[in-house]
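By letter and in written order, the chains are A, B, C and D; residue numbering begins at 1 in each of them.
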Amino acid sequence: MKKKWLLGILILVLGLLLVACGGDTASDEEPAAEADTPAAETTEDEAVADSAESETMDDETMDDEAMMDGDYPDIEPVRIALVMPSTTTDLAWSQSMYDSLKQLQDHYGADNFEIAFTENMFNVTDAAAAIRDYAESGYNLVIAHGAQYGTSLFEIAPDFPETSFAWGTTTNTGEEEGVTNVFAYEPRAEQGGYVQGVLAAHMTEAGIIGLVGPVDAGDAKLHVDGFTAGVRDTDPDIQMNISFTGSFGDTALAAEAANTHLQAGADVLTGSSQQVVGAIGVANEAKVPWLGIQADQSPAGEDVVVSTILYDWVPTLLEMITSNQAGEYGGRVLQLTLANHGQVFLYDEDLPADAVEAALAAEQGIIDGTIEIVADPRN
Amino acid sequence: MNGELTTIAIILGIIHQGIRLATPYLFAALGETFSQRSGVLNLGVEGIMLMGAFFSFYVASETGNLWLALLAAIIIGVLMGLFMAVVSITFQAEQGISGIGLYLFGLGMSSLLFKTMIGSVTGITGFSELQFCVTDSFCLADIPVLGEIFFSHSILTYGAFLLVPISVWLLKRTTWGLKVRSVGQNPEAADSVGVSVNRARYAAVILGSALAGIAGASLSISLLNVFQENMINGIGFIAVALVYFGGWSPVGVMFGALLFSTISALQLWGQVLGLNISSNISVMLPYILTIVALAIPFRRAAQPAALTKPFSRGEN
Amino acid sequence: MSEKSNLLPSGLERIESLQMRGIVKRFPGVLASDHVDFDVKAGEIHALLGENGAGKSTLMKILYGLYQPDEGEIILNGRPITINSPTDSLEYGIGMIHQHFMLVDNITVAENVALGMKSSRGFRLDLDVVSARIEELAEKYGLQVNPRAIISKLAVGQRQRVEIVKALYRGAALLVLDEPTAVLTPQEVDDVFVIFRQMAADGHALIFISHKLDEIFALTDRVSVLRDGRMVGTVNTADVTKADLANMMVGREVLLERVRPPSQLGDVRLKMDQVNVVNDDGQRTLKDFSLEVHSGEIVGVAGISGNGQRSLARTIAGLRAVESGKIWLDGRDVTGLSPAEMFNSGLSYIPEERMHDGVVKDFSVAENMILQDYIRAPFSKGIFLDFKTIEQHAGQLISDFRVKTPSQETPAKNLSGGNIQKLILARELAREPRFLIAAQPTRGVDIGATEYIHNQLLQQRANGLATLLISEDLDEVKALSDRIVVLFGGEIMGIVNSDEVTTEELGLMMAGERRMEMPQATA
Amino acid sequence: MNRRWSDRLIDNLLYPLAAVLLAFLFGAVILLLQGVNPLEAYSSMVTGAFGSKNGLADTLVKAVPLMLVGLGIAIAFRGGVINIGAEGQLIVGALFTTWIGVQLGEQLPGAIAIILGLVGGALAGGVWGGISGYLKAKMDVNEILSTVMLNAIAIQIAFLLLRGPMIDPAELAAGTNIPHSARLPKTTDMPRFTDLAQMLGITGGADEVGIGGYLGEIYNVLVQPSRLHSGFIFAVIMAILVYIFLWRTTIGYRIRAVGLNRHASRYAGMNVPRTIVLSMTLSGMFAGLAGAVEILGLHHRMFEPTAVSAGYGFTGIVVALFGKLHPLGIIPSSILFGGLLVGGDKMQRAMQVPQVLTVAIVGLIILFVVSTDYLVRRRQNRRLSAEPDSLTTPDEPASPSITSAEVSA
């Protein structure tokens, strides 16, 4: 009898848990309908809206964007699969790619532009299975959105010569190994970083800038290199405090790192990777401006995210798609630069005008090639 | 080096941060203390914290009411605790393993719910730092040195530290605490005087889990004000170790929590000050420290004798 | 004894009568209580007598609410009651003092007493109130108890007093005493008997569980005898003799003197010289212990439980370190050897806690038969076990020692206590030891198995085995041993020839009141 | 009394299956709430894991580390210790194997380098597990805690090495510094099934041989190119060896005896602390071996440690429990859970159901499986009551709980 009672409790617990999530989903009915068309869409819209806002600030940027928008080439129907280490909602690396895909889908329509994605493929074995599966299911372009997928990719690609594969951050298309259908892509994060550095140097009054990085590698490293150079070239007296948390996902530690920077006197903060949501939260609390990178991070701190280098993968993706449809399945290295609009700046209206001007000048300088980014060696 | 950053400022910063960071450790570890004192090793704290963090964040972002959010964390903590209790007390499952199961369940469920119910990472306004303003112009937080260290934390941080004497009182001075201590030490003896061993353990595990829920909430609606998948990142496991570290006493646990949080703060400051310590080493440090502490012999005496041992009367 | 008042001195309502009727309790594979009737009245001390396994504890655990009976009823003051848990029994005024103390040892006396009780301050503990009441009770019954002492710091006798105070505090009008004297010295026994008598005089009802006939005669008014789960009968203590009770308990004439044929003493097998042993708590458990055991001789070790017997056996077996002194086996210095080395040197050891130390319960009978020798030929070749030999060996022993088991694959836990003991005996004797320690070889074993084990020990003696027999059963020690070593507080009170010593003399020595030395065995 | 086969079936199969079913039922409700048809989702899971050549191959690929880790966990369990540290042991094993492969792979013939790598991985994992064993045996440190701590330490050590001395020189040259090692020389790749088939002279696919349908898929797994590598055969052989080790050797006998009753083992002259260290070391060795095989057979380089261990240390616990801690039971159990993980990913791709649902389900399976142990024990007791022949004495003093002080004495 006692056991029945306990069994009852067990069922009750499960039931409650279910009700807990079920009830919420139910109450969420209308937005939950987008479970199929994930919620990130709203973020996307905001991002677009946001950029539209900032564009009013600067005609040049607006012109470029506008030109871009009208520049969608005609393409054959295409099916694209994305395998990513993080999630479509990480406010960083993975989300930036996903957002760009969604943008293209919105333009071409779901019938002509099919997207499939797999999240949380931290484990390379699983990712490899997913990549192979997508290729077998006839996707035209399979994007392995992480440097760790390279080894697997070069094993799989030769089995599907008519399918294009892409991976980054890298410049290795596997040519040496005789692979011909792999694109490599690489955001030149130091460019955006440099511009942000210039911006930050103009914004700081205390003369101290705090940077929260994940690990000193890859994209994040380039960003730090560029940022530091930008600050230094603007005002060598400004102190850069850099801390790496040692992981991409340790939100709590990132938040504390931001706190530390604040206590150490920093009045402008920046950082990269999905963990920075914690740090943005701290910035939000302290009302200290935050400079974002990769995806639009304003949802994590509406008021303080004053500028973002948005990774806009649209040009890169279009490049790959058209190339694929022209029968060239890979072998090219594609870079996201300021010049090719792979990196787009979003500026908040409230930013001091001189800072924005200096930043825009830096942008132009990099595009023109008049500014050469020289990274200081860091110990 | 900027001249404004004095040594004192650094030390103050480290202490202030150490106190702040101790909050989740304290809630979770004090909760686990109750559980272990009653003889149940709840290794699922991490999973409960994740669920607590998620639910409080969700409620906060939906209603904007932080107290309701905290309540949500407590409720989900109680439910998870009940689940753990049924499995490990009634069904007498191996506690180390059922805890891992609970952790994975919490990890999976919190991520799943986050994906389906929130979808993207957003910020909320969480519990803000209390200022203790005496007048409009003067707040205790403005007191130099002391104010910065002691009077500028969120209410949950104060709650965590207030929980230390409360825990001592509950364990030492109440009939319930006496029952909890006894069933963890000698359940047969407690049973023989009419104490329901399982009921006392259920209560301790559920209370502990509710506190773990609050610990999760302290991250998502007070310290960080965001939710992210797997955001607890091992704090729950350290909290379990802290109980051993603190010799099963709330005060010991508090010092352990402070030690750990201060090490984290030190590491962050080390980087800011340009001291080149690898973050990997400093992240490792608390774990190594725990193992060393566990190996110190005098602590063993304090271990509840019936820890991890399910109780049955020999019947059935 | 005031018959009029319905109240005890402590203000409790007394239990005029309590009856248990037709109690049946089944356990996996055994009928522990078989339609037992039992009753007790206010003001009496009623003994419950029986061998180990006769069902005494089961019956009392049912009364105390720890077990639920499968059939039967309990009637209190004429009203049928159900007792589902200790809480219920306490409510009815039934208390119990367990054989193993039920005390939480890292908290204070007062906390132990307060545990499970309602506090006068609700949720808050009222230890000061409890302490005052404890002192009051202690004074009333002449018990010396410090409410603030931590249990782990108290001596055994003091812990017993705490148990009594605990029961009184809880208002036990009826008190079950489960072998309360097993761990006490004779003086302590006398002291608690005074307390028990006073309690009875005050109107408490007491149930006294024991298998010590002397104590039953010294203390009780009536005796009920249990055997194999059945009630043999209830008699007035004054109306019977020890022999009567013994017969009731065992079910047939008990041979008080087993025929022990003379045997040939051989050379010295075991020699211990000035051995001192300290246990984990830092207490000295053996003091200057010296002894020689010869081939063809059984030396018995007598003493009240906890006086160094366990330490003696474990020290010889290498399980406990020797602090000073030397041990020789067959003339070879074996001091400080590991258990494995001792087994290799010709030692066999029947441990006192058979389920705990003697067998691996989940191993099959065959696997248990090679517990020490699995690593040696013929049971292993290289690192591999030789199953053919192991099976043959097990089969041989099962038939030789009449171990009742469905098969040799059966897990040991499915065997009865007696058969497990036979299994251990078989294993130990089949090793052809030079020297055997037999610790409590017949404790909790039925009469048939006891007899079998005794005969085996005597036969091995005739074959020249040197045996150290450790037993709390004086009759057994006297019947089997050639010489008897009496231990008290880890010290030898004397080594006597068993045929020349009386039980009274042994008793005095066991109580530490007398030393005797008789000539060593003559070869 | 020999338990009847039907009882065994119920105890060993029915209860665990019921536990799994219950967990999936929970998952089904969640799926329903998300508007996904659970039948469709689960069928995509099953076909994804077992329906095709690639699915099958991936399932078996995943079964390899699960099987090896599960074997290690079973050994620890049999020895009376609980190893929650397989994650860390696997990482340490993978690290050391990588180091061996990168350093010596060029100089040595492939086969020897592979063997060295396997041995090295096992040794490293063994040392990592042995630490916990030693701490438990000599210092009475709870092994559950120390293994959890050592997991975290192993992850940090891996990062430290992968960002420092073991980083791929190409990464340094490119300035991207991604923390992964250089690729091991190709000669150290454990042969894939298709390579083995070619060695045996079998080249044709199922179509050519004329095997159709599902059997054809199975045939193709064996001969056609896939990621399935010889580590699977290795793991199965290991399972058989562990079975022989535990039940046919003296050391196995000792480990089981100590695991079941430390007191009796000590009484019988066994060195209990040493056996505990041994059980934990062996357990760690198998986790380390899993790491080694993952590197040599699959990844061919070391990268993010948690991506290499991928939760196998935890899932391995379920695998071991589900296999009833029996080496031969662990073979099907690991394939089943390999399929669950692969199918879970497939379900994500097919139905866009977050893959984390699988994590939650695995957690529930653990909770339910450990709970059924109690029901099994109760059933067995009840059966005993019904069999009056097998007598036990109820008045036997309850055996005091094992105090570790006595173990270390």
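Methods note: a contact is a pair of C-beta atoms (placed from the backbone, for glycine too) under 8 Å apart; a residue touches a chain by one contact, two chains touch by 3 or more.
Every value quoted in this text rests on a predicted model; they were computed, and no experiment measured them.
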item: Any chain that touches chain C and chain A; value: B, D
item: Euclidean distance of C-alpha centroids - chain B vs chain D, Å; value: 31
item: Geometric centre distance via CA averages, chain C-chain B, whole Å; value: 47
item: Interface hub residues of chain C, defined as touching at least two other chains; value: 100
item: For chain B, residues that touch 2 or more chains besides their own; value: 83, 86, 90, 109, 112, 115-116, 229, 278, 280, 283, 305
item: Two or more partner chains touched - positions in chain A; value: 14, 21, 25, 32, 35, 246
item: Contact pairs between chains, per stated definition; value: A-B, A-D, B-C, B-D, C-D
item: Touch list for chain B against partner chain C, complex; value: 173-179, 181-182, 185-186, 188-196, 305, 313, 315
item: Chain D residues touching chain B - in the complex, by the definition given at the top; value: 30, 34, 82, 84, 135, 139-142, 144-146, 148-150, 152-153, 156-157, 159-160, 163, 314, 317, 321, 354, 356-367, 370-375, 378, 381, 398, 401, 403
item: Chain D-facing residues of chain A, complex; value: 14, 18, 21-22, 25-26, 32, 35-36, 116-120, 122-126, 128-130, 132-134, 136, 147-148, 151, 155, 159, 169-171, 215-219, 221-222, 246
item: Residue ranges of chain A in contact with chain B within the complex; value: 6, 9-10, 13-14, 16-17, 20-21, 24-25, 28, 32, 35, 38-40, 42-43, 87, 89-91, 95, 206-208, 210, 239, 241-247, 249-253, 255-257, 259-261, 263-265, 274-275, 277-278, 280-282, 284-285, 299-302, 379
item: List of chain B residues in touch with chain D within their complex; value: 41, 43, 47, 83, 86-87, 90-94, 96-98, 100-109, 111-112, 115-116, 229, 234, 237, 240-241, 244, 278, 280-281, 283-284, 287-288, 290-291, 294-295, 297, 300, 305-306, 309, 314, 316
